[in-house]
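Chain nomenclature is as follows: A, B and C, assigned in order of appearance, with residue numbering initiated at 1 for each chain independently.
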């Protein structure tokens, strides 16, 4: 039976994040924290593999205690085990430190045949976690995977499609393999009540900096990060362009066409 | 038919003096928008002029001028009606309330809000929520004005639990055709104080007076909500479950149903398969979406548990839980876009907004589908299963308009006759306007119609208010 | 780690044996400016096999060195061979920074070799600034869905690795330097150790409408679009103007237009001669996607929409009405 790891993240619904016009800081209050959408696609891909080939799925996340909500989502649609990595010591970790910690914590339930990540997150959007986790696990990597075509457990190989800029690649990869999943073919299913109910009070394995065996404290959190964010600032709103107001949509539209003609664009 | 006068330059000057030149539009300055509502298929009609009003006084002055000069007046909010109700059939003056969009104040102790009629439903909903309150009526068009909602007694999905717009109107300021201003109702919980003119105004579609201020009832914002999707093999089994859900004392906020065809349109429209077409390897023919509100998760789980058990005995394939922010957003965005999805793949369409007894939903839908087949029209439907209000669309992509319209008229007549026969009513929430006028008598009966006409004559003896609509 | 021991800035030139991917050239032009400030050498790194006329284009971007790699394992792209290649090269040469075009394959291997080298990796910066005090490059990019700008640095570790989206910077060659040094390296990666194998490639339907990179006129649609039923008029407008339609992320999310038409930091970066945005609020991650366009115009109902701060001309009004009016005016000409 395949052993599968699904790596997920709880993110703020960035579309609803607003910026305080005075302080320039982000207002996250009242913004729902959600399962990163592409991680939902990754979870769906894992569940479909489980349905077809049989598998044990471990879902893992790193975040504040409240992040267990996204793990329960994973449990409700087919994860067998959920691991929450939470500790203030992991704060301000970039992908370098996060991939190290996640891989270390996941070892306990490994080794894994397949590892699923979303292609990127809604908030950080670096898209680096998949590649860096693959490095930590020493696995093959298929990024932007859009469809898993077949898994040959006997030969330890699988075939998958990859959504490229100009077309679809078909790629054969060796197991163990890490995928970063595209949303195209893996719309997350709606969980059923039975799954929700079971997930509601299911045990969540919680790991902290002191309960992950062999963790090197110099490689976690801000200290273990390669990148830092020394400052942020509100996007500058440029000088407003010339506002066209000729009194009606008809005249405004005609005015644009006039401007285009004057500038030689038509 | 009453004889009306047109807007002469002198009258135009008087009207312009009331609202000021900037808010007075005549001739070329009148936008094409004013010639139709969201069902342009019922015909376009140009007003002679448009007055964007800002106060009760202005409306009063305009109505006085128009009444004295026998000039038709059509009140208009955001123009989202579906029956031609805000279309100026006889030209004349359009009184547009869109600028009267202020929320005037809250009476938090009595849970009431005082608003102008041009406030958009979505703005009132959001503002009430910010006050920890909820305005329960939620008709589909969130960009409609609350004044328009009151004028049509709009419903919406939450009607199953909370009732319709009428149930939330505490007081109104109304300008009569004569220009007289009338205050109806008070911020009280009940009343037995003479004939309820207040309730006569609600749903009168601008034929008895123009609403210029409203006091609306609010309820505390529920702490949380969850939606549950029950997929079924076919529509009959699906609909048969609805009365049982209502009997189970689960107090759902809404019960919506959707057929497989709508789900397909919706997913090809949005590019996302939100509502499943296959569940547990079984094809889904129809689904119902039940929404519960509550204060604690335990409370909601208890209701879901009961619904799950009920679903199993009623033949539901599974019980799917929509409770994460993402799923809720996706499911309700898809549900709200059903009509747009139909419109996007349809050339011509007309709609029914009938309301039938809940136990007759399935058989009535079957009837309409059969009639549609007979006339070569595609019938699409979805709607509020919980209250029997059905939105059924007769569509065609390949007929020429005249032929579509001829067949559509035959279909509509048959469907309305059947609706009356099984104890239903012509309109659940969209109103009569002019599009459904010819079917009104069959739905309500001859004597009631005569009473309605008599009432109209008392309120508006010259027939200047929204002529050609409802009973005039 | 002694940062001063790490010198020179590298740009990886991705190519298919016939042509260099434009992003490599764009990066050479931009990183040239950084090197002029820091005194580092600009090194273009590529696997052998690019024709001379393409190499000339790279030289024209003002590079100081060309590092040409040969060896086994590079015939087709693979994560294993390329991650190894850059690990080996970086360990030998100690570059201060490595820039990789943010193509799907660039984003596939850059974070991996960065992790193997235990260094920091940034992605999708839209601006690069050298900070002489710290000696670090500031990678500046829109963050949290464009609600704010974030400055990201690699303060301790080296090399500073960054992937940059194609189209972010302009290809403006400053001219070939008199003496471009050419270095050759051989790094063999055993073919048998490559764990992924390309079995096939099916190009997307040759839909020219989906290729925004070289389009002069873009009619871009935002979340203000009420539904797909309104698309035809904008397609018509784009056609009349000799251009193509594009969209912002919400329209892609709504499934109305494909990802390849999404303009912005996480989509396609464009610089057309004319950009007209309809119903777009103008989050920075979108506006960064068309910065540097010729003429830009926006139509939005909200006079406060940030988009108006990013364009040359603005109209407050209903997008469909303005589009209709433009169609009428264009047809009347």
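Criterion: a residue touches a chain if its C-beta (ideal position, glycine included) is under 8 Å from a C-beta of that chain, and two chains touch if they have at least 3 such contacts.
Keep in mind it's a predicted model, so treat the numbers as computed, not measured.
Asks: Which chain pair shows the largest tally of C-beta contacts?
Replies: A-C
Asks: Suppose every chain is reduced to the average of its Cα atoms; which one is closest to the average of all protein Cα atoms?
Replies: Chain closest to the assembly's C-alpha mean: A.
Asks: Going by average Cα coordinates, which chain is farthest removed from chain A?
Replies: Taking each chain's C-alpha mean as its centre, the farthest from chain A is B.
Asks: Averaging over Cα atoms per chain, report the distance between chain A and chain C in Å.
Replies: Going by mean C-alpha positions, chain A sits 21 Å from chain C.
Asks: With chain centres defined as C-alpha means, what is the inter-centre distance between chain A and chain B in Å?
Replies: 41
Asks: If you average the CA atoms of chain B and of chain C, how far apart do the two points sit, in angstrom?
Replies: Spacing between the chain centres: roughly 48 Å.
Asks: Could you check chain A for residues that touch two or more other chains and list them?
Replies: There are none in chain A.
Asks: Of all residues in chain C, which are in touch with two or more distinct other chains?
Replies: none
Asks: Which chain B residues sit where two or more other chains touch them?
Replies: Residues 272 of chain B touch two or more partner chains.
Asks: In the complex of these two chains, what residues of chain A are touching chain C?
Replies: Residues 12, 14-15, 17-19, 24, 26, 94-96, 99, 120, 122-128, 130-132, 134-136, 140-144, 159, 162-174, 177, 225-245, 249-254, 256-261, 263, 265-266 of chain A touch chain C in their complex.
Asks: Per the contact definition, I'd like the list of chain B residues that touch chain C in the complex.
Replies: 269-272, 333, 337, 340, 343-344
Asks: If we count contacts the way the header does, which residues on chain A are in touch with chain B in the complex?
Replies: So the residues of chain A in touch with chain B come to 13, 32, 34-35, 37, 40, 73, 76, 187, 189-194, 196-197, 200, 248.
Asks: Flag every residue of chain C that touches chain A in the complex, lowest number first.
Replies: Interface residues on the chain C side: 79-80, 83, 103-104, 107-112, 114-116, 118-124, 138, 142-157, 195-204, 217, 241-242, 250, 260, 265-266, 273-274, 276, 284, 294-298, 306, 308-318, 321-330, 333.
Asks: Which bits of chain B are touching chain A when the two form their complex?
Replies: Contact set of chain B toward chain A: 31, 228-229, 272-274, 276, 301, 304-305, 308, 318-327, 331.
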